Amino acid sequence: MIDKTVTDAAAAVAGIPDGATVMIGGFGRAGQPVELIDALIDGGATGLTIVNNNAGNGDTGLAALLAKKRVRKIVCSFPRQHDSWVFDELYRAGEIELELVPQGNLAERIRAAGAGIGAFFSPTGVGTTLADGKEERTIDGRRYVLEYPIRADYALISAWKGDRWGNLVYRETARNFGPIMATAAATTVVQVDEIVPLGALDPEAVVTPGIFVDRVVAVGERPWLHAGAFVGGVDIEGRPAPFEASGTAEVEQ
Amino acid sequence: MIDKTVTDAAAAVAGIPDGATVMIGGFGRAGQPVELIDALIDGGATGLTIVNNNAGNGDTGLAALLAKKRVRKIVCSFPRQHDSWVFDELYRAGEIELELVPQGNLAERIRAAGAGIGAFFSPTGVGTTLADGKEERTIDGRRYVLEYPIRADYALISAWKGDRWGNLVYRETARNFGPIMATAAATTVVQVDEIVPLGALDPEAVVTPGIFVDRVVAVGERPWLHAGAFVGGVDIEGRPAPFEASGTAEVEQ
Amino acid sequence: MSTRLSRDHLARRIAADIPEGAYVNLGIGAPTLVANYLPHDLEIILHTENGLLGMGEAPQPGRIDPDLINAGKQPVTALAGAAYFHHADSFAMMRGGHLGVCVLGAFQVSQTGDLANWSTGAPGAIPAVGGAMDLAIGAKRVYVMTDLLTKTGESKLVDACTYPLTGVGCVNRVYTDHAVFDIEAGRFAVREAFGDNTVPSLAELIGLELIDRTDAAASVPGD
Amino acid sequence: MSTRLSRDHLARRIAADIPEGAYVNLGIGAPTLVANYLPHDLEIILHTENGLLGMGEAPQPGRIDPDLINAGKQPVTALAGAAYFHHADSFAMMRGGHLGVCVLGAFQVSQTGDLANWSTGAPGAIPAVGGAMDLAIGAKRVYVMTDLLTKTGESKLVDACTYPLTGVGCVNRVYTDHAVFDIEAGRFAVREAFGDNTVPSLAELIGLELIDRTDAAASVPGD
């Protein structure tokens, strides 16, 4: 019997060595595998290269990993946010290396790694400083730069539900980088709300087939759901928040 | 109100000119948009370049289009099948041009067209006659050939259900080339069993978002379904076939 | 002192140019205001780079769903007819030219259509580009929404950008608080001047020769 | 006359080398027989290039579903735990090295691991390649299933292929009716000789020097 489920987050991230390249899913907080990141912090690995769209929010998750100075380099498209103070301080102090990649090139380079593409010509970034030093070519009258795959030793991602074969479905825009990162890492580790029986996921709606997944751990239902249905009652960071009828939401910008 | 639905197959394929490049979905018979092809035949367009995985089966659908000598050139991976007699005869008579493309390069070149990729390095076909004359490059010790996008003026595809925005879901392995061809054509035309109300398709399970679709026509439920459920009772070509308890299936090889 | 449209009026002006059925991406910051002025009786489909077509309005406070956000990481909703997809598919949609319109902010736009909107190039600044470069080269029509002048009175419409570029020759139209400009063969063309602005007064503010297209019939942009 | 395994016995022999949990693609033709011998108590996941992981057995005659076929366009079924995907994703899976094993037929295999299995290059023949070239370069382990000799008695294991290539240096192991060969540093290594075949008798049939690995412990291939 194939059983990719593991009992806890520590087992899920076991074996990630110092110096590893680790993709971490999520766009801002949505889809960020916080429990896996916490386990990675507890595991002690350091000198990591992290691939993520951002560079951490607030003081939890990826930001906490950065704060512990476990990250040598980050590859991302949008590090600077209103709540990226942990990264900002490390960057200004010269304690973290940054490779800035336009978001679409980041996504496509991750996909290329998973899809066995050696390199591809992208129109994004042509003529900008982010294309400095890259090979350029004009094809059918349009300028392109050559972009290479981004691979990882591990991918840590968050999905909604998974089964013991590693088939996954996601939830809304928390899907983001999960499906492509799952294809691009030697070992893909997934946290899900719930592990469902084999056959419970509609084969037409599986987003990540289990072939891309190595380990799955259930971490319990996200606080804004109850029995799989949206119930709300949280702020944008997912913290329980009693809202008045006249209340205003805390909104990121 | 956005309404991409059209009333019949003739309206769906209206405007396809002589000499057009037309992608036609399907893998063998599965997912082949037979009603749209019939309408294309009725429409009279000729001198077409067709992109399809195969080169027609039996005497219907794509094979019928070929038999009418409307096709100047076909781009495909697997023309020769046990039931490709229409193509075989035209090819041997020198009446149709063939561009043979390894199936994965065919799929990826179609995707590249839809994804705005100028060209990509593929490891498939390296060192074979199908890479003759193509640019080759070694990247990280592996050999690749440079492959260019395949675009079309029209894509004719078959899906299972669609809505008036053009959102689509497919059925089983009839999905095949539909989703990528939808992205790679200037005008994408879809036949579906049924047009469902907006909101009836699960947004997590939509395979082709409506942005890629221009026209949708309902052609009625496929014969092996009843009210959306599989009932069987057909042979592999979809023809009603009374099976004995001891009967044997007609099986292609 | 010339007439200036408020940011909300400008958002309304841009919204009026977006036809029913358009697929639209609104950049973070001021362009998101445009959503507030899209007519409710028209179906216009909003794309957000983080994997959603058919984005709806902000949720009620008690109904915030942290899994459902826009590119600015604000909570949103999804319309009936929406679809979710992953990041490679979302940016394939952008890069592949499937979006009809995007509206972006700007530091500078050159008269050849170059856009600078992601970095001032200031030493010590932390760079962040996000999806701006993909949008700039991807959408069929790239609209910029910006004040014409910086806070210190310099024109953001320039002969050549001095800030780091986001994209080369990618901008089709610039909506400013003073006027609407098209890019025509390497020159700014005034399409509509607001209030008491005139082509000569705008030329003086900008310091460049301008083409006068204020008599052109209002056109609905294709998508 | 040396001992030859029947095609079904050879399929059984190959099936025995496929471990539980492997993701496997069986090429059209003889390799599909391997599916009949995969142990029912092991979970081995079959991929078909036309968009399915978790392919099951052939359906009962009255239950043929024309939407659910394999690469050979035969009707199949899907297991609980299956997933469907489109062609670009299916071939990304293959090209990206995610399949553990594929089993392919062959016209010729060279001792450097080149495979020729898609065209005899005969004038007038209609070429058709399908997914063979993608499988040849994509799977982690590429197994060939073939008779050792052609109908006219020539060895299909050769110094260098004379037929058009499918892939260069891609074959890991060749299962023939006479013996099992690994490719080792540009030479065929006999891993297992069936019946009264011996390394010398095989070398005579093939006409090449062979490495003797018949004493190697049976290994379970990695996936």
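Labels for the chains are A, B, C and D, by order of writing; each one numbers its residues from 1.
In this text, a residue touches a chain if its C-beta (ideal position, glycine included) is under 8 Å from a C-beta of that chain, and two chains touch if they have at least 3 such contacts.
Which protein is which chain? UniProt says C, D = 3-oxoacid CoA-transferase subunit B.
The structure displayed is predicted, hence computed values, not measured ones.
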| item | value |
| --- | --- |
| Chains contacting each of subunit B and subunit C, listed by label | A |
| Distance between the centres, which are taken as Cα means, of subunit D and subunit B, whole angstrom | 28 |
| Inter-chain centre distance, subunit A versus subunit B - centres from mean C-alpha coordinates, in Å | 34 |
| Averaged-CA centre spacing for the pair subunit D and subunit A, given as whole angstrom | 36 |
| Residue list for subunit A, restricted to those that touch at least two other chains | 108, 111, 115-117, 122-123, 170-172, 204, 207 |
| Residues of subunit D engaged with two or more neighbouring chains | 78, 84-85, 91-92, 94-95, 138 |
| Pairs of chains in contact (touch as defined earlier), listed by label | A-B, A-C, A-D, B-C, B-D |
| Interface residues, subunit D side, partner subunit A - complex | 20-21, 23, 43, 45, 47, 53-54, 78, 80-85, 91-99, 138 |
| Parts of subunit A lying in touch with subunit D, wherever the complex brings them together | 1-2, 111, 113-117, 163, 165, 167, 183, 198-199, 201, 203-204, 206, 209-212 |
| In the complex with subunit A, residue positions of subunit B that touch it | 108, 112, 115-123, 137, 139-140, 142, 144, 148, 169-172, 202, 204-205, 207 |
| Parts of subunit D lying in touch with subunit B, wherever the complex brings them together | 28-29, 48-52, 58-59, 61-70, 72-75, 78, 84-88, 90-92, 94-95, 114, 119, 124, 126-134, 137-138, 164-168 |
| Residue ranges of subunit A touching subunit C (in the complex, touch as defined) | 27-31, 53, 77-81, 87-88, 91-92, 98, 100-105, 107-108, 110-111, 122-130, 143, 170-180, 207, 222, 224, 230, 232-238, 243, 247-249, 251-253 |
